[in-house]
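Below you'll find the structure I mean.
We call the chains A, B, C and D, going by the order they appear; numbering starts again at 1 in every chain.
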Amino acid sequence: MPGNTLGQAFRITTFGESHGRALGVVIDGCPPGLELDEAYIQEELDKRRPGKALGETPRKEKDRVHLLSGVFEGRTTGTPIALLIYNEDARSSAYETIKDIFRPGHGDCTYFWKYGLRDWRGGGRSSGRETAARVAAGAVAKRLLETWNIEVHAYTVALGGVKASKRDLSFIYQNRLFCPDPEALSKMEERIKEIRAKGDSIGGVVEIVAQGVPAGLGEPVFDKLDADLAKALMSIGAVKGVEIGAGFAAAELLGSENNDEITPHGFKTNNAGGILAGISNGDEIICRVAVKPIPSISKEQETVDERLNPRKIKIGGRHDASAIPRIVPVCQAMVRLVLADHLLRQLSLSPFTKWTKYPFSEK
Amino acid sequence: MPGNTLGQAFRITTFGESHGRALGVVIDGCPPGLELDEAYIQEELDKRRPGKALGETPRKEKDRVHLLSGVFEGRTTGTPIALLIYNEDARSSAYETIKDIFRPGHGDCTYFWKYGLRDWRGGGRSSGRETAARVAAGAVAKRLLETWNIEVHAYTVALGGVKASKRDLSFIYQNRLFCPDPEALSKMEERIKEIRAKGDSIGGVVEIVAQGVPAGLGEPVFDKLDADLAKALMSIGAVKGVEIGAGFAAAELLGSENNDEITPHGFKTNNAGGILAGISNGDEIICRVAVKPIPSISKEQETVDERLNPRKIKIGGRHDASAIPRIVPVCQAMVRLVLADHLLRQLSLSPFTKWTKYPFSEK
Amino acid sequence: MPGNTLGQAFRITTFGESHGRALGVVIDGCPPGLELDEAYIQEELDKRRPGKALGETPRKEKDRVHLLSGVFEGRTTGTPIALLIYNEDARSSAYETIKDIFRPGHGDCTYFWKYGLRDWRGGGRSSGRETAARVAAGAVAKRLLETWNIEVHAYTVALGGVKASKRDLSFIYQNRLFCPDPEALSKMEERIKEIRAKGDSIGGVVEIVAQGVPAGLGEPVFDKLDADLAKALMSIGAVKGVEIGAGFAAAELLGSENNDEITPHGFKTNNAGGILAGISNGDEIICRVAVKPIPSISKEQETVDERLNPRKIKIGGRHDASAIPRIVPVCQAMVRLVLADHLLRQLSLSPFTKWTKYPFSEK
Amino acid sequence: MPGNTLGQAFRITTFGESHGRALGVVIDGCPPGLELDEAYIQEELDKRRPGKALGETPRKEKDRVHLLSGVFEGRTTGTPIALLIYNEDARSSAYETIKDIFRPGHGDCTYFWKYGLRDWRGGGRSSGRETAARVAAGAVAKRLLETWNIEVHAYTVALGGVKASKRDLSFIYQNRLFCPDPEALSKMEERIKEIRAKGDSIGGVVEIVAQGVPAGLGEPVFDKLDADLAKALMSIGAVKGVEIGAGFAAAELLGSENNDEITPHGFKTNNAGGILAGISNGDEIICRVAVKPIPSISKEQETVDERLNPRKIKIGGRHDASAIPRIVPVCQAMVRLVLADHLLRQLSLSPFTKWTKYPFSEK
């Protein structure tokens, strides 16, 4: 049973391999009447494009999006929106020499064991390139959320052990590491440079905040908003942990510390991360994900080939020192996709309730 | 759009409120021919029943399971299995005085804002009691996994800041805190006693390990095994974080440290937690969840009522000092449910592949 | 992969066997705030209860519904509604003698071949009794549809070759065959008596009409309203054909005859049966289903047992001469369930459109 | 909530409008290891391409399929297969003059009422051209079914009142009307010519037979094989009725006539159409669908525009006199898609049963 579809009401299905002909996504369930064109989607897609930043590779990925359906005279029609990105500049020959060897930390072995064969060119479907389709879909979700004044931002709060101690949302789009703290930025850049020189790689922590989310999104008991966020974020290849609000720190707090007291004008704190019992509470939604270091490194590693013969591998060629710069827009897209889905899900109930998007009184 | 169903091939739908007439679950997709009776399910259910342990309340919850369908002459028939637990001993009167007040840290406010009305008796559907149905369903998943020699264990690795430093799986079922470390146990018991005396509460960290899982489970790219585990675990009310393998620690490792090198006899380390690119790799699957402190405390807290009037609340009555003893079997059940689902999903592909459950050669 | 769930937004999951402990259904997605109690559901359930009508058996089926969850202080809460009907008066011993023999026209053989074992008591899950849960769920859908002034009626337009030539909706609930034509009724009763005397059985045709359905329900291209109606109706055991509007007769009409011309006040004809391109057009929705004769007959038939030995079978005991009187309320329930589902599905889109439920101008 | 996805285990999602940039489909869940290339798919697609047959229009639709993903070195990999067909030769200007007028019998009005706006070029998403994506997907299902020796054929058993009285499967691919009866063919051709001259249109009946289907496919109680076939076939725009086996005729048979008696070597008759209690019984599966006459006719008809002003319409330009020649391959594709889905669904259960694909003994 397949697993390339996400969402119930705002539903995406992605396809494509790293070095195949194209990547793409079909978005089914986008409401009619939204303004949409290729330029709007391209803008989001360009955010995950490698540039001159320290941690990124010099190759050119044009990643030009083609909008194939679902939009007429500049507006969505309610029918499926298909987005396509042709793969150009894919040089698979570099992979020929390791086509029967499993790269440690990659899905090479698990794809082979699961399916009995695999597309070894650039990791095939398990490549990080697959996330381009997610970001393209996320742009459409962004358009929908804008009509409800919902904003989602993602930024790097830790990179290779260097932590951001400030959150300046305006700063994050001014630097290629999406760092919200100008002081931490230079240390992060330093760290990447150092690791890159060693042929090694580092991970980090990305935080995502959603502002303006109405109270009431999330469907108990299994499709809780935090449960669906956890799934969407954990489905990103490099992510190994997800937390909401206080997250793992909550495990060490007392109830009297962790509870967010309530006033007529809102919550006094936000340890809940904007979600109570799986339903948004009108406060900021806050998630954090742990990103593992990129497994492709030029240091020698032990491994095996398809027949379980022991082998040594050093992964040469162009590789990023950290997934962070590319993964930040992907996290942002995934949160947007989940919110778009749950917004539409709640709308089908709202005619039966006295739904007030923001439950508190202004001060 | 509703959210009370989990799973694709092994699919459960739960229902019931804390103080309603009954809780239950329908399991659809359980294969035929498995031995099953009420006693087998009751045994799992009894694990989350409060006893004499320090952190637990003295009330009697009988939680007797009734097996209503899907089993004939002691074996599953392939048709839906309905399990029912009547609510006895539910004294709702204690809740009458706070029926229009939102308890901080609870879903009282979000249920009210989402649905426009709520069953205030004992938290209604948002009560932790809802998880009884999950544990009952998890027992059926356990039966299925046994036929494949898959075992799942859950245990408390941290409680109110006290950490277990040993993992003795045989010890976890000998103590009511499901602690795997005899030395840590007494400190944990001490910690609970102390917190309880203050009228406060504590959280902790639960680890779940799955042994004997064949390589190849998990459906890229969205229904990755880790993504579905994250969703299932985050859907438990008190859980605020989920991590796989090295988890958040991976964010601080180098690629050369985090990658699990491969030998003909298996992986040298298990930072991946048994999952690569969303597919099980044949190694132990390891997850950890952060459990927040129980929000019901007898300390006074600020809050509001349904009309946003400021109120004070002290939650009296019987309340646990920590969710840990009850939540451990729930985590275990959720992991079993996800594995059962993905096992069946993989089976529909396996006739087309040369599927070898354990890919490595014995030493 | 299981198949006991129907619907996306208004979703039901049924369980239970003919002679098991209970039948039931969980309804997930019912909006909050609807008035609901057991008496309301019981009234619908009583419609499929056998009485003194000619074609029905004298056994007593009490079929008392128990409402277990999802309703608080007389109103739905938005959480799952579980309905339970205990099986009483189930004498399985009559089936012991034929427990390894496949009754022709029944699912005995296919259940055995599919699952490798079967509950032979009264047909188990394949019994017509399973539809009691559908009717109970349909009562909840009825409640929802009432809030939108949507009415669904079902009636017998043919029985054993006797055809109704009049449609008097007020008459259908005054007779136990749900016949809309007083003249045809007596002939139908005659026909049943005659067939019953021979130990044989007859089928018929049921028509279902939905009035007051707003334009705009149905989701192209696969979840068209007519496609989902066809599935829901064909999923009733005895149904062998479904048609919408002119149905099979449309295959012999000219385009100029079959097209429904449009005026400012509505359509001039209704060959479309209220559905164009899978979306309701504001006119009456009309479906018809072909019901096969009940396969349990007392005439001798050739068959085989589980080991393929040739056997003869005469089915004694209490059996109806026609499924019609019981199947009419089931058809009504299934159409209600589909409409409730599509109503909620459309509501999630309606904030984005200028949705006018009735598009035409009054005369 | 969207409706452009069909199937659970073998799942397709289609997109595209008649005069948009492209049509396409993503197939998720196709097992790995199947041989597949564009030529194989193109062959199926060419069957619905208009040629020189009497009832078809002279325009050129190249409908060249592009295989974008999911195949590596000539074999499926288990990842999503995306198929794309660019729209060429789409002259939308012909539709400009009627862009605010609803064509009777078309989805123009219902799309407008549902979504608040519509792509009026060639019917947009409601065009019959949408079925090209279904046929492309059906070719992949065909490849899967071949590995199980399952064959599906579709043919015209009635056209404008002319009925085929013979079923010669070898003849159906030798004529452009897919007629299985050489004698009926010339009368059908005559009938089309006559209707075409009048500027009118005709419908017909298509029969689909599936041979070699193992016993055991179909998931009670809602996802019965016949229920899913009914949905899939009714989701084709022009279809107004679906029947299985004896179908509507069963409503007039006696139980003793309609029951298929069973022998050690198979069923004596096949009124069931190969399906009992929603599960295939090993016999031929037989469905028939009623196809309405094409609504685009050059005769003048009454209608309204978007503002409900009364208008007259004559639809000029290139239009087929009957949907039959194009719809036959679509019916064939839909049955293949349903069987592929249910085959994979059954495979996940089969390790738990003693599944024998063909239950009978050879004579």
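For this structure, a couple of remarks:
To be clear about the criterion, a residue touches a chain if its C-beta (ideal position, glycine included) is under 8 Å from a C-beta of that chain, and two chains touch if they have at least 3 such contacts.
Source: prediction; values computed, not measured.
Under the contact definition, chain A and chain B share the contacting chains C, D.
Comparing mean CA positions across the assembly, the chain most remote from chain C is A.
Of the chain pairs A-D, B-D or C-D, the one whose interface repeats that of A-B, sharing more than half of its contact pairs by residue number, is C-D.
Inter-chain centre distance (chain A to chain C, centres taken as mean C-alpha positions): 45 Å. Averaged C-alpha coordinates put the centre of chain B at 38 Å from the centre of chain C. Residue positions of chain A touching 2 or more other chains: 1-5, 8-9, 14, 32-33, 78-79, 114-116, 125, 220, 344-345, 348-349, 352-353.
Those residues of chain A lying in contact with chain C across their complex are 1, 8-9, 31-34, 78-79, 147, 220, 344-345, 347-353. Touching chain D in their complex are the following residues of chain A: 1-5, 8-9, 11, 13-17, 20-24, 26, 28-29, 32-33, 66-70, 72, 75, 77-82, 84, 114-119, 121, 124-125, 344, 348. Only residues 1-6, 8-9, 14, 102, 104-107, 109-111, 113-116, 125-126, 130, 158, 160-161, 195, 200-205, 215-224, 226-235, 237, 240-264, 268, 271-273, 275-282, 290-297, 299, 301-304, 308-310, 345-346, 348-349, 352-356, 359-361 of chain B touch chain A when the two sit together in their complex.
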